[in-house]
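Notes for the one structure printed next.
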Amino acid sequence: MWLVGARGAVAVTSVTGLLAVRAGLTGTAGCVTELPQFSGRGLPDLADLVVGGYDVVGTPLLKRAEQLSAAGVLPGPLLAAVAGELAEVDKRVLMLPVRATAAETVEAVIGDLTAFRDRHDLDALVVVNVASTEPRPADHPAHADVTMLRGHLEVLPPSALMACAAFEAGCAFVDFTPSAGVRLPALDELARLRGVPYAGSDGKTGETLIRSVLAPMFASRNLTVRSWSGVNLLGGGDGATLTDPGANAAKTASKERVLSEVLGYRPQGSTRIDYVEELGDFKTAWDLISFAGFLGTRMRLEFTWHGCDSALAAPLVLDLTRLTAAAQRANRSGALAELAFFFKDPAGAAPAGLAEQWSALVSFVSALDAA
Amino acid sequence: MWLVGARGAVAVTSVTGLLAVRAGLTGTAGCVTELPQFSGRGLPDLADLVVGGYDVVGTPLLKRAEQLSAAGVLPGPLLAAVAGELAEVDKRVLMLPVRATAAETVEAVIGDLTAFRDRHDLDALVVVNVASTEPRPADHPAHADVTMLRGHLEVLPPSALMACAAFEAGCAFVDFTPSAGVRLPALDELARLRGVPYAGSDGKTGETLIRSVLAPMFASRNLTVRSWSGVNLLGGGDGATLTDPGANAAKTASKERVLSEVLGYRPQGSTRIDYVEELGDFKTAWDLISFAGFLGTRMRLEFTWHGCDSALAAPLVLDLTRLTAAAQRANRSGALAELAFFFKDPAGAAPAGLAEQWSALVSFVSALDAA
Amino acid sequence: MWLVGARGAVAVTSVTGLLAVRAGLTGTAGCVTELPQFSGRGLPDLADLVVGGYDVVGTPLLKRAEQLSAAGVLPGPLLAAVAGELAEVDKRVLMLPVRATAAETVEAVIGDLTAFRDRHDLDALVVVNVASTEPRPADHPAHADVTMLRGHLEVLPPSALMACAAFEAGCAFVDFTPSAGVRLPALDELARLRGVPYAGSDGKTGETLIRSVLAPMFASRNLTVRSWSGVNLLGGGDGATLTDPGANAAKTASKERVLSEVLGYRPQGSTRIDYVEELGDFKTAWDLISFAGFLGTRMRLEFTWHGCDSALAAPLVLDLTRLTAAAQRANRSGALAELAFFFKDPAGAAPAGLAEQWSALVSFVSALDAA
Amino acid sequence: MWLVGARGAVAVTSVTGLLAVRAGLTGTAGCVTELPQFSGRGLPDLADLVVGGYDVVGTPLLKRAEQLSAAGVLPGPLLAAVAGELAEVDKRVLMLPVRATAAETVEAVIGDLTAFRDRHDLDALVVVNVASTEPRPADHPAHADVTMLRGHLEVLPPSALMACAAFEAGCAFVDFTPSAGVRLPALDELARLRGVPYAGSDGKTGETLIRSVLAPMFASRNLTVRSWSGVNLLGGGDGATLTDPGANAAKTASKERVLSEVLGYRPQGSTRIDYVEELGDFKTAWDLISFAGFLGTRMRLEFTWHGCDSALAAPLVLDLTRLTAAAQRANRSGALAELAFFFKDPAGAAPAGLAEQWSALVSFVSALDAA
């Protein structure tokens, strides 16, 4: 598992949690692949994951973990118990290489990934993007054409450059962020050319998760959703990034997609993300749904979600690594639409409702196992 | 369609809505069987339903409809347009027969049902219980043994006596209430003996509907639900009945079942129903769910549902009538577990999550159609 | 009472309500001046108010009232009963005069106001601004200097031009909107010069009303408010106007003032207004307050307000007219800070908490009465 | 300060907080008497309070504090810093004496209080009841007659017996609980006979606090509250006690009083308290208020309060001790109605709205200071 953004909240929570689970210090709540449905299905063991990664800052993992502990995300005693091992992982987190040209940067990344895979003798390596959300890049024809792209790597934003290097190095890729990443058609083509699988985009951990079960409920009951408005208040590193209007727009678009896909129409109302520094990693989302039933009667549902984003995201990063590694071993290539369960904006042709995504996930693992 | 409790809020909303839909005055929002998935599947037409029924009070349907209109449930202009037809239906609503013995009462009911079926030349007749919720009856061995029951009909509460009469008359039965109705094993046996189908119990129109999509979400994400508390505030006739502790207990039990069935454990917290007369037919339900994720992090979800109970229930009564009539024509007998989608406490072996219930419903209609 | 914006939702609800109260068809819920504290205190009778006004559109009052009735704001039967009288009032609602120069427009308005006052033999006339919210005007030195202003009337936005004309005509003025209106220092000077009173700005009918009681609670309990975020979802004419960023900014600024004034510091978080057409005149506001108590313990309060804006505003328009007319009769001039109870952004030196504003209001009426 | 129930959550949080404030380790958020309005007003210094008390269990204060720390109420590092001093206080917490007769028990308590006052050379001693809520005692004529009472001390529940002993020992008394305590008329008489002041009952820290600002808002706006329903979910020791129906009834009655007193009528709806063990000391209260405005338009407000009961109560215990001690020094005797700000069910003739209670409190301290 190669984490891009390895010193961020999600990454540090994943790694600390992985070490704590291995040490038997905590349970596996929140880990989907630990449910009975997936046990004995040939997924790689949590014990066998080796962690490395990149970041653009040098803050020690332990320091970041202490901040998360002060913020109520990581229990203090547990952190103390894994501090030594965390320092070991820290040595395997490198500064993101920046070279004179995009092509040279890609070469450097390929070098790092290959070296890591060789040193640890890994049969599959999954690069997971948990770096800060980027603004949406300007359109460019090379985004849609892998041949043109190879001569124009400078048109790729960092997330996509990373996906490109991963594929060229024969690694699988998971995009947990709403950044462009693997969404550019040329990268999908590249993954298929290189015979490696990928999954994305944008981990589904809060408001959209709820929407993906409530919207199907309204649809199957033939209730007309007239408006669906949402507001998300969050602090933390991710919240700060989202004060950038470009990044914010990328995120809200992926949040509204589920509604129009499930309902077949776009209800009124908008989705907002506001940065409130003091809320830290605990996000509050509030949604108001106004709907009409028989004889036009007007009714409402509202919900408030108080979730800890990193605690929700971290186990999914482990799940996605296990599932994507298993897919790579089974020689799957291109988009893993069957992992839509985990994403706000799933790559590949996938149902939008959570329950159907769940069925697809269960079948996917059975099929891998049978293969 | 024979409505037991035909002068109540649910019944009157069903009938008024049916007449308005037929007259092209309103759409079919809230009618599940009007979704594209079910069109052309051989269900009886809304236009072909003939309505009759029983009640224990004589309030004219129109008067009750006017009350519902003043309460914001039925639009005034629409009511004016169907007032004449409503008066026609009114003539077919009889006083519930009460005879010296339970056996004689059953005979009288069989007579009424048979006469109605013959007069209107119906190929299927569905008796739908939308009468006031009853207290849970005292246990009796005859409840579990159809042979013993025939000699002890007096041990049946009114809902079960009605189901018994319906089956003996060769009619299908739908129990939209949490009353004992068809839940007694002896009645299930009787339905199978008589070769008629039935569905129940307790229409799922509010808090439990939401629970049936949220609980599977927590389960599939491996999040531990620590407590789930709910409060329901409602007025209306149903609310008044539920001030009776016996009726209230029947209802809250059927509300909590979904949680333990989906989650596999019973979270802390209770579900309350409080009567607040002035809220009328508009019910407010509030639920607080406290859950734990990765590393034990504590999080919360709360929702508030402001629904109009009759507007939610009425189209389902029409749906259930169509579906059960089609099942009767297709010679199904006994519990229709495939209609679990509609009920808080489904009869027969049925999944507890709404999405799986939906799949079961779609398959059921396809199979009937193919048959 | 001269209503500017007389064909809008607030105005039409005020007038319809006034007629209905006079006819004994409805109670006076929502009318502050009908509380026992104010009875027998020499305020003008509701029966004595004569209504005229301006608008820029010609939609008949009755038509607008019917729309409000369809939207659930005005009860249908009541509207029918006062339709005739509403048509009478309609004749007294003029098109807003627009002349070649601002000075000529002012002359025309003075003419209309004087004629109305004479024709109906009124001893006091109150002009009430309930027109659409305007964008904030560009700064100009004449805004602060009444002498310079007289040569530069074209720098005034419509609300301020109306206040100017009212004062020159010897009328009192109430600004129920967040527009510039009487807030410009030159207009305050003018009111004092002309010896007429005024009150404003921006009727307090929802979220800010609640904030004006909750913020003092946190302050007096020495609880530290860390963040206070709010979102307002509304349709209706007012909502549509607020999609204009300038108008929206004017409104949200006046909503946040109460917090910093009461608490003595500005908590994190922002206040948003979003237009959701289908919600119509029923507004939903949701606020999340995060606060810290003893030993830094973090806690939260959230509220959801579902209010009908016009039904809340309309009786206050009547209250303000009575109170301001009484002040005019008592020869008060300049800002009536004692009416801060009614406003989000009170003119004059006024306390920010609702309870203190209430005390000030009660004393004010006693003093007028004693005078 | 003599705490009855000194090993409970409220008491331990008060004491730990007091030590931490004195040591300069934390601020005084939540302490009302630390607001600028009260500084330099002659209240006893926090530094001068000496703590002793009673309990019926022997759990060390430090152990209870560690439990509260694990539950997120007390910050761990702060607790470590005051552990030594906490152990000192622990020595001054005695087992509640239980003697053969009530009269002998009273004698024993008088002995303990007198010894404590003498040993620490205190000029005033305040006994504060923070013990578990008791069921309401059966009525007895001696409750209303101090002379009769002296011969029938066995008819007093523990809280009242404690108040009796405190008064006889010349101590002031604060009842922070909804128990009978000083509410019995005979005890009020006794306090006046002995010339000592008392305050109570039932600390106002959550739902009722909010109600005491919202209800006056509805009243002063002449809005008709049609129903007000509330539910309180709480764990902790207090929650467990309230599963006893008697104790629960005492508490909900004191919660509803504010509504009828402020509004002048009793709206529909009830207030519930449910024990949910896993919520611990963090209580969630949800209230739904349905109200009618102008022309009968129906509107709603709902709020959710997530508060930490002990963190809210603890600083008030310190406030009440300082204020009551100052009153005792100023020779006040009988009920201190001016402390109504702190209580759900204030003793003496006091206004029910929080803002008026606040004014009364400020005046009270000024008057003491002037005296």
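Letters A, B, C and D mark the chains as written, and numbering starts fresh at 1 in each.
Definition applied: a contact is a pair of C-beta atoms (placed from the backbone, for glycine too) under 8 Å apart; a residue touches a chain by one contact, two chains touch by 3 or more.
This one's a predicted model, so the numbers in the text were calculated from it and none came from an experiment.
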{"item": "Interface numbering overlap (same over half, different under half) for chain A and chain B", "value": "same"}
{"item": "Pair from B-D, A-B or A-C with over half of its contact pairs in common with C-D", "value": "A-B"}
{"item": "Interchain centroid distance [CA atoms averaged], chain B/chain D, Å", "value": "49"}
{"item": "Mean-CA-position distance for chain B and chain A (Å)", "value": "42"}
{"item": "Interface hub residues of chain A, defined as touching at least two other chains", "value": "72, 300, 302, 304, 306"}
{"item": "Chain A-touching residues of chain B, taken from the complex the two chains share", "value": "13, 16-17, 20, 26-32, 34-35, 72-75, 78, 209-210, 213-214, 216-217, 220-224, 292-297, 299-308, 311-312, 314-315, 341, 353-356, 358"}
{"item": "Touching residues (chain side chain A, partner chain C) in the complex", "value": "226-227, 229, 231, 233, 268-270, 272, 274, 276-279, 284, 286, 288, 290, 300, 302, 304, 306"}
